[in-house]
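There are structures below to look over.
First chain A sits with chain B, and in the next complex the same chain sits with chain C.
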Partner chain A sequence: MLVVRSSHKPSATKRTILALIVGIILFVGSNFIDEYRIFQGAQVAAYLVGIVSIVLLTGYSGQITLGQGAFMAVGSYSAALAVQEFGLPIWITFFIAVLAAALFGAIIGISAGRLSGPYLAGATLAFAVGIPALANAIPILGGEQGLSFDIGYAPGKYADTVSPYKWLFWICALCAIIAVVIAVNITSSGLGRQWRAVRAHETAAALCGINPARSKVMAFTVSSGFAGLAGVSFSATVGLVSPSGFTLALSFLLLTGAILGGISHISGALGGAIIVVIIPTVFESWTEEASLGVATYLPGIIVSALLLLSIALAPEGPSEALHKLRRKH
Partner chain B sequence: MIRALKKRILAGVSLLAVTGLVVSGIPAQGAATPGVTKDTITLGMSSAQSGAASPGYNKVGPAMRAYFNYINEKGGVYGRKIELKLEDDKYVPTNAVNKVNKLILRDKVFALVGNLGTATHTAALKKTPIIKQSVPDLFVNTGYSGFANPKKYPTTFMYLPSYIMEAKIMAKYIKDKFPDKKVGILYQDDDFGKDGLAGFKAGGLTFVAGGTQKYASLSQATVGLTAQMTALKSSGAEVIILFGVTSATAVAMRTAAGLGYGTTWGPQFIMGSVGADPTTLLTLAGATTPALQAATLRSLTGALSLSFLPAATDTEDEYVKKFIEINTTYNKGVPWDNNVLVGMNQALLIVQALRAAGENPTRASLISALKSKGGTFASAGYSKLESANNVGYTGYWVGRYNSTGVIAPVDGGKPVVYTTDSSTANGDVAVSTFTRPAMPADGVPTNK
Partner chain C sequence: MNLINTLIAGVSIGAIYSLIAFALILVWRSTRVVNFAQAGQAAFSTYVGLSFEKAFNNFWLALLAAIIAGVLVGAFVEVVIVRFIVKRATSAATVTVAPVIAMLGLLGIFQGVMGLIWGGEYQAYPTAFSRDGLTINGSQIPFSQNDLFVLLTVVAAMSVAALIFQKTSLGLAMRAAAFAPEVTRLSGIRVSRIRTLGWAFAGGAGGLAGVLVAPTTFIAPNSFDLLLVFGFTAAVIGGLDSLIGGVLGGLALGIGLSVVTGYLGGSYTFMTAFVLLIVVLLIRPQGILGARGARRA
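After this line comes the complex of A and B, so read on.
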């Protein structure tokens, strides 16, 4: 699905057609799956976009981020505020979330672009910690209980026949498909090549006429826009925008998903998203009868173990390992 | 070539889209009552089993399960065994949505019982099919008055008296016993705390300048309450209300001790009922050594608190006595305390509600049974359960911690129970005349 390799890239048209087909399959498939799986599908779609945002920034542009949750929060709060304060229709708020988070990312990028490696990681970490706390302190953002963000029911006569979960899934899946198509197009465009050039060797890139600073800020901006979309999708799944939804744990979870899926390929994001959503559920149901304490902590341990294994055995992620294997044959 | 491919794809896409629309239009098949089989009734609960706010509350669910196991061993409810699916939402609203969705959609529970937390349950009611599928939502473990709203939440029933009731009773007590003292408050900054503030206002209690402090829920474990407690001290408040979760009370008391409470600073602390279980407070204060335990007890001694159940240490009470017995056998290794009492008492009510719902219970029959008969159920509560209006218990008594961490009625003897309602229009509080039904024989309900 949407596998893009540097050696053989489908054209933009083919990609769009492929995306359409995937969309149709998901649309039809959603009618045969039970509601809880549909709900999880919506979560996977939301996490997928979040992981794509990390892959773009870290995988392609080479800038480490530990604070993607903060950019998601900016997108979500903007969307919820747009509904609450201006009564805007929900669909517009998805664009607002993207724009607001991108703008925020641009501002952060301008200053953070001067940092690299652990210093950049530290700076983004500060945002992941600070943004939820800040949101808690601003009265208009609703404190700990946050703001409501309800995507409601399917329009018109479909409100009764289409379950709210299907409706939610369709919206989140649509966002994810659009995000993946745009991300793949970006990475195979001149912009993507610039990012990779800067990641590989800044000085060499500069000698080729690329402005590394501008390229990094651009990557920050674009990645934050994706994070904003992830944030608003995530909020749609829980109907709520609150500080406790955007904890440091979320940022780490997304990064974990990105690494597990393969940080250097957009295609790995789907695997990463499935792992971070499904693994906890699977292990919880296996262990909950044994002991709730085990059920609470085991998923975290499993995911962490997978992360360590992945770093030890396939540092660029399973998807990169698979690509290498295929190239060999 | 490409054009032909496009045509084929277009045709395929249209076919699939039409199929999708047709399939999505097929109504769901009618099914048997979810969560009820020939041999079992499955119930679900989402609560804080881990995380900052969980200490103490994480004992409520297992205590309910222990009582259900006791009943199961005595034959269950009309031959059906009760199973409780317990989920951990860590007191985080977004988690609660996930967990309640799982309980209703995947585990297909018959009813939700004892879901804990105001913000968490508000989120769950908004974004899970509790209302749409008419899932009975029994005895939520929060005193937020907004849940007793049959129009908005037709299937939700409260358990605790509302925070407004509690605040009104506290307001009356403070005005009666500490008429000229300056009063301060520390409250949790969400609907839980705001409900309380509304009650204090209705009860005519005013706070000293600078004496109204708040904390964000879940924040107290990480950032502490030093700023708030220092502000309360410098406001000159002589009576300080702690209206928060137990973990916040523990941090507040520890901070107060650091500010000289018990030596150079002597305000009267009054703690809300949900944040004042002594066993939990002792554990939270890190009371692992005798010296630390003594220090924690010193800081608790003399503090006031409210309760709607008998004191967990009142072993003369027939309910407490029986529950302790059940706890010893069916909840092995778990020390008996107020949280266990809360859970067991809740489970006792649930069993009676299930029985009242008939031999072949449906979600509708459970709700109507609770509405019509809930007020007559036997329970340890000292006040009436107003489940006819989806309200929980309606009264509180005031107690004081002694030097062994035991809460006892302030004036000695039997507790004086005050009763009121959730109206914010007045602060009327009366002494309750409610007579509590006796514990069913052997702790096994036989009601119909």
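After this line comes the complex of A and C, so read on.
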């Protein structure tokens, strides 16, 4: 089904060159787009990383997670703490966020990696509700107000010419591009093949010499690292790290994006990220004359209905369904 | 005396967790789906109850309306959505993931629709009984008339459910359909109808739990999310396959959390439930009363 598929994917070098080209296009292109769209671009980049982290864990390793927002929170809080307590420069905090979230993911993975299906879903759900509540209770994390996380202006003489939104977009887009390249490299490496083998058939994978438990914990660790990066990008767009930023709704939104884009391939993550950012704003502009309630609740209903439809019609995601369709002809 | 007080305070909320756990387990046993949309179903039923309460100013009529709404919504969800999802998701990769995600999508739809109809603000839900603590021997205990009403209602509902399960042929069919659907089908029982009935019962239990808890938590589209997490924890503590286990799990959780809240403070409540959930899943994954090996989902 998914495990064995002859791949004629480009090599790691080609992928890096492709990523460079995309980066240059985005860098140049961002000069011709209005500020609001640029800000949305930064949001898409942040969500993209978060969705990639879900695709790695759920799509490739087969472990469902409803609590990715919690790992994002861990990354964000450690980054903001590093700035506040130790005065570290912002760029280092991105690495700290990845490391802290990955470490946390490894610890959680050791216990959660033994669960499956609804038990894992329930445990991660509880996790998603629990981490913001815990952050709220720890005094050093700033309670309800949270901690500020400001990436500031572009350095040196560019501070006047580069708008803050553009600077934000560049940073988030850079993170996203790097994350996607690394994720694609991981999934086409031996590690990625191990994950898919364990997902498809645990016993068969074990017979091939793979340690399923270790593979699952590894997936949790890697995915959490990506989630940490997503968290710090997300916090950069908000300018703040607070419990209300990492609600259950965020975790669900990311999972929705991952499903709508196609859970079994990294390639779908961009589409998923665009959908979850764009749909609410589309409805905001459509329903300007309509009541406030419609503008508030209709996007959620539409997104949820899309999620339900997509799971009902193509349980393995749109891209997998297309792939099957192509094979039939 | 202080310890006894905190223990007593946890009993009525524990009874409500038991109801939610009961609803989750009933559905899990028959369909192998954890109904994460239960929070939305329960809130929807409670809103229906609140509308009746406002229109007729009668608590009992509203309670009945909420239970009936819960039953109808539960049956509707099974017939229209769950049946379809379970039929479609058959491959190893999707059989466990797809239902979970479908239920989350359903939860989102419920919460959005509730927001559209009733608005997003927290609304008060009236009670029929006083919520002031009872006075025994001149000292007030943290157990009100309303708590007593909640406890008695849950006990009554559970007794009715137990009677149906153990003493009627319908209950026998439900147990058989959950235990061995193929054999049950061969015996001439419409398993799909029995499943719908199970979802309907669970929905009714959710509606009842919603009306019982709403005076304390207030009602908003997402105000029952936490209740769902606690209900799930209770269900897991008892073993997802055992109805009695779920009821005991709910009571144990309610009392345990009340002790933690009483001695350590409210901010630790959630962490305690979470740690408890993880510990039970790791040490005794089949739950307190679950059968051995039942956890291979």
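Throughout what follows, the second predicted complex is superposed on the first by the 315 of 329 C-alpha atoms of A that agree within 3 Å, B and C clash if a C-alpha of one lies under 4 Å from a C-alpha of the other, contacts with A are read in each partner's own complex, and residues count from 1 in each chain.
By definition in this document, contacts are C-beta pairs under 8 Å (C-beta built on N, C-alpha and C of every residue); 3 or more make two chains touch, one makes a residue touch a chain.
Bear in mind that the values here come from a model prediction, so they are computed numbers and not experimental data.
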item: Touched partner set for A:K166, first chain B, second chain C, both or neither; value: first
item: Which superposed partner A:A126 touches (first chain B, second chain C, both, neither); value: second
item: First (chain B), second (chain C), both or neither touched by A:G209; value: neither
item: First (chain B), second (chain C), both or neither touched by A:G87; value: neither
item: Which superposed partner A:G190 touches (first chain B, second chain C, both, neither); value: neither
item: First (chain B), second (chain C), both or neither touched by A:P315; value: second
item: Which of chain B and chain C A:N136 touches, first, second, both or neither; value: both
item: Set intersection of chain A contacts, chain C complex versus chain B complex; value: 133, 136, 293, 296-297
item: Chain A residues within the chain B interface of the complex; value: 13, 17, 20-21, 24-25, 27-28, 30-32, 34-36, 39, 43, 133, 136, 143-146, 148, 150, 161-162, 164-166, 237-240, 242-245, 281, 288, 292-293, 295-297
item: Residue ranges of chain A in contact with chain C within the complex; value: 1-2, 58, 62, 64, 66, 111, 114-119, 121-123, 125-127, 129-130, 133-134, 136-137, 199-201, 248, 252, 255-256, 259, 263-264, 293-294, 296-298, 300-301, 303-305, 307-308, 311-313, 315-316
item: Chain A-facing residues of chain B, complex; value: 2, 6, 9, 12-13, 16-17, 19-20, 23-25, 27, 49-50, 61-62, 85-88, 92-94, 97-98, 101-102, 105-106, 119, 122-123, 126-127, 129, 132, 189-191, 216-219
item: Touching residues on chain C, where the partner in the complex is chain A; value: 28, 33-34, 36, 81, 84-85, 88-89, 91-94, 96-98, 100-102, 104-109, 111-113, 115-116, 119-120, 225-226, 229, 232-233, 236, 240, 267-268, 270-271, 273-274, 277-278, 281-282, 285, 295, 297
